[in-house]
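Here come two complexes built around chain A, the first alongside chain B, the second alongside chain C.
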Partner chain A sequence: MQVSLSAVKGRTKMELDPRTKLFAMIVVSMIMITGDIRGIGFYIGIGIALIPFVLLLISGNLSKAIIYGILITFSSFMEIMVMNVSGIANIIFLFLSGMISRFLPGVFMGYYLVSSTTVGEFITAMKKMRISDKIVIPFTVMFRFIPTIVDENKSIGMAMKMRGIGIGGNRKNLIELVEYRLIPVIMATVRVGNELSAAALTKGLETNQKRTSICKIGFHFSDLIVFGYVMAGAVLFAFNQMNGF
Partner chain B sequence: MNGKTNKLKVKDLIVTGAFAALYVVLLLVVVSFLGFIPITYILVPFLVPIILGPVYMMYTMKVPKFGAIIILSAIVGLITSMGGVWYALLWSLIIGTIAEFIARMGNYKSQKMYVASFSVFACTIIGPFLMAIFAKSVFLQSCAKYYGQGYANKLDALTPPWIIFVFIGMSLVGGFVGANFGKKLLRKHFDKAGIR
Partner chain C sequence: MIDINNVSFTYGEESTSGGIQEVNLHIKRGEFVVLTGTSGCGKTTLTRIINGLIPHYYEGNLSGEICLDGENIAGKSIGSISNKVASVFQNPRSQFFSVDSTGELAFQLENRGVKPEIIEEKMRKVIREFHIDKLMGRSLFQLSGGEKQKLACAGAALSEAEIIVLDEPSSNLDIPTIEEIKKILLQWKKQGKTIIISEHRLYYLRDLMDRMILLKDGKIKKEYMRDEAVRLTTAELNHLGLRTLAIEDLKLAASERILSDEVVEFKPFSFYYKNGAEGITMKNFSVHKGSVVAVVGHNGAGKSTMAKCICGLEKKCKAQMLMEGRTYNNKQMLTQCFLVMQDVNYQLFTESNLDEVAISLYNFKELGEEQREEKARNILEQMNLGDQTEKHPMALSGGQKQRVAISCAIASGKNIIFFDEPTSGLDYDHMNQVAEQICELSQKAATIFVITHDMELILNCCTHVLHLEKGKNKELYELNENTVGNLKVIFEEMPL
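Right after this comes the complex of A and B.
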């Protein structure tokens, strides 16, 4: 599973500008988290929740789209079913399904953003928005790096299990447990960080000249459609919030 | 190490990104791990900084320059404000700036100042809890509207306004312990290996 800004372009049917994706992600997560789930708000919610599904489908990520569709349908159904009930178990249940149905669209939009954008495109788009290097570079590296850390952590976990260090192992000292997991990860971070720095030097990131890029970043017709749809959702949402239906 | 210039270079920014990734992943993993059990969930502001302390100490050791801590706080703030609590970003930036200036007072060399700096920085973890004081009534109202009064009342009883000060106190202590833990660990493992 590749959950990072990819280095190579995959097969995509529809090209979207990273800025459109970013905008859509922010709007989707804001509406889903703060939105109403009754009355007209419910239909707006459905319309907005469809966005990640359709985008994932179009970008050729069928399995993720289906997983998302099933999870979101199930959790929002649950949320509506158990609404307005009391009792501890129900409250916990409600809290969980509410959390899932509210956060999931934002999470999957984020997944769509990073899985369908290359590093070069992302940087170029950020540069066009005149965002400082001091924000762009750490962010790009971070998104690129998170899967590496998860990977390293898995391997370290296995290595430690082999030596009997773990929750079920024969070393029960909690501080040692943390130490033997944490230090290798920090080591790996330092090492990979240095390697990335060297790679960046070769790519000439350090020069103070304007960067050129072979990525063609610009707004197309498909951007207009997505932007229009998201905007319509946002306007309806704002209207609905103000009137209180 | 190029300690000559105090400005952030591209190389430093990349290291910042790498450490920010580590920080964020650990933050999310530890919080979701502890979040399963209600008792440890309350202890999150205390326990999480202890795990993150070594990361922070190593990070500040690798990038001892002005701005590094603020950038980290901005990233942590963006992550913690993902839940729709926009105060969290502002809170993180304020905390990060204070932590930055504390580290600066030690000229980016003093270990004691870094320990103090992380004690403050650890407070970024309570960003999402800030809702409990600033927007409580609005939040409870919307909860009552969506989920019924019973849910809102339970939530109200669970979060008295003074709890935020308990959280701040916990994260200050947690940060202090974590930073010292980190200092010890780094001395043990990294000084020997010559990575500094």
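Right after this comes the complex of A and C.
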């Protein structure tokens, strides 16, 4: 009997190398945060903002892709609106659309990276880029932690609801509400973190060791397409920033 | 194989419990040793000394000599100790470094730098031996506690270490899963591995152990060879603060409780998660006010889902409850029900216990600040926490935190209280305290549901049994001499 050892069952055929994902995430966030939203820059922005949408869709995460699509369409419309209104409305629209269109693509790229890459693949990719263990291990721990915090946060939200702590409940003020939410999350995270580190040590995780990996990562045709698209966006963006069309 | 000579350890300066003093212990190759004793007796510390987490991770003052396989481990890296000693921990949630099961299994051999082809070959062998091919390639967040614990054991087997240290591996498991862990332990024993296991639940180790070591206040109080240990009666064990070694000997606690005629009725409801897993479809059922209902069933039968639905925590669930002639909908049930979570750390938020209880008094809007404080103080006193009012909830012991959570439930005027596995990982005395607490609470006319796998707890304090199977309520009956047999059958049957 042959047992499948692929990292995650039911993955879609298009699988990207973690390095491609990382590169795309950095470029997308940089362009969206620093980019100019007027003229041709607006269209480059849209082209770049499409990347997380398409990648989420292909990786089978339909609900997140739709949420992202709606939010980004909404903010693009607002950016057009900004040009036609003035006064307070202008400031509100500018602020909202700016927040969404500038930060959201980076956030969703990050989500895509974390949700579609296993810890093993990530370590292997970092090692292939010859990044030092001193950077790889903390990053890996962070990588492991994001889903943990999401998980813990759910349980705490439930507990608060039951205690009647929340908007409309017996809240005292907003700051206390945030404190009530954060402290158990931090406590739980520290506790889980401690136990995790202990467990990893008993499994022989140390710095400065020669490590192997069963993950087979490497560049495929799909990486080329994504890489080409992101690169083209980056070049257009750079050209536009320097000379303008 | 393991020689511990005159070893003492204390955690830091401020903490006094949990350390060990002048322990001498010699374990032969292939021996199966059970470490037991009440909470804080030092058994977990002893396991950490063997697997090297002390002194490599937990800091403190360590003295004495520890030898593994004739070699003194002082000055050795934890990496080299990990080649000889594999560990399985208590909390299935936090012993995995990867987020996917396959990566986790390979993790240790990858760290050792074994060639990928050899790792894969060894993994295939272990996957076959442990019948875990269904668990491969999954996200660890989707596995149940039992599945995670099996995976942890498979990881220990894959490491090919000769010594395996387990720290309360059964705490979060149901009885059929414990049976599976028992089979794994038996296999290891046959392979000649040296096994050290720290446990509260002893019955499943009865046929496996060679020696049982009783610790008290950081010292070895007594050693029992297998023959001596099995002769101990349940009463003798309980007197030592230990759980039973023979589940079939357990008896129903004699109690004459008068239940009120009033009933709480639950209308039929169903609830399914988006991914289709672990849904429940409940038929109509009702319980007398003041009863203590044990909710039993295998892992994944829908016990926790049912609790969340009845407590009004699942918005989309259309559960309804009839009490004192009033119908409560989903949202209103939240004002009547309280769930004491398995991990109470999630439900304590403020800086002092007094504050914690005081904010739960929001249903009493007519009370002023001072009156609230007064009332909160009274409730804490009732729960034997009178001297802890100013302390930070997180500074309390596990049992005390549980009592603070219960105090909050009382303060908020809720009278249907759910407990989710309140005694997992508790020793006999603490289990008994929880049982007493539950009995007292029920006498104040609260209706209590206890989700549990703990037979000793059920027999100590429950009046009824609600049996869930595959998301349905199979039966609900009163617990008495005639029905105890049924209960034992549920617990012993294998899943599917």
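Here is the rule we use: the second predicted complex is superposed on the first by the 178 of 245 C-alpha atoms of A that agree within 3 Å, B and C clash if a C-alpha of one lies under 4 Å from a C-alpha of the other, contacts with A are read in each partner's own complex, and residues count from 1 in each chain.
Note that in this section a residue touches a chain if its C-beta (ideal position, glycine included) is under 8 Å from a C-beta of that chain, and two chains touch if they have at least 3 such contacts.
Just so it is clear, the structure is predicted and the values come from calculations on it, not from any experiment.
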Which superposed partner A:60 touches (first chain B, second chain C, both, neither): neither
Partner chain(s) touched by A:47 [first = chain B, second = chain C, both, neither]: neither
Partner chain in contact with A:69 - chain B first, chain C second, else both or neither: neither
Which superposed partner A:183 touches (first chain B, second chain C, both, neither): both
First (chain B), second (chain C), both or neither touched by A:163: second
Touching partner for A:98 - first (chain B), second (chain C), both, neither: first
A:202 touches, of chain B and chain C: first, second, both or neither? second
First, second, both or neither for A:118, with chain B first and chain C second: second
Touching partner for A:151 - first (chain B), second (chain C), both, neither: second
Common interface positions of chain A, toward chain B and toward chain C: 143-144, 179, 183, 187, 192, 196-197, 200-201, 205-206
Parts of chain B lying in touch with chain A, wherever the complex brings them together: 8-11, 13-22, 24-26, 50-51, 54-55, 58, 62, 67, 71, 74-75, 82-84, 145-148, 150-151, 154, 181, 185, 189, 195
Partner chain C, residues of chain A touching it in the complex: 1-10, 118-121, 143-144, 147, 151-152, 155-156, 158-165, 169-170, 172, 179-180, 183-184, 187-188, 191-192, 195-206, 209-215
Chain C - residues contacting chain A, complex: 51-53, 56-58, 77-79, 82-83, 85-87, 89, 91, 93-100, 102-103, 106-116, 119-120, 123-124, 127-128, 133, 136-139, 141, 155, 159, 308, 311, 313, 334-335, 338-339, 341, 343, 345-350, 359-360, 362, 394, 408, 412
In the complex, chain A residues that touch chain B: 29-30, 33-34, 36-38, 83-88, 91, 94, 98, 103, 106, 133-135, 137-146, 148-150, 153, 175, 178-179, 182-183, 185-187, 189-190, 192-194, 196-197, 200-201, 205-206
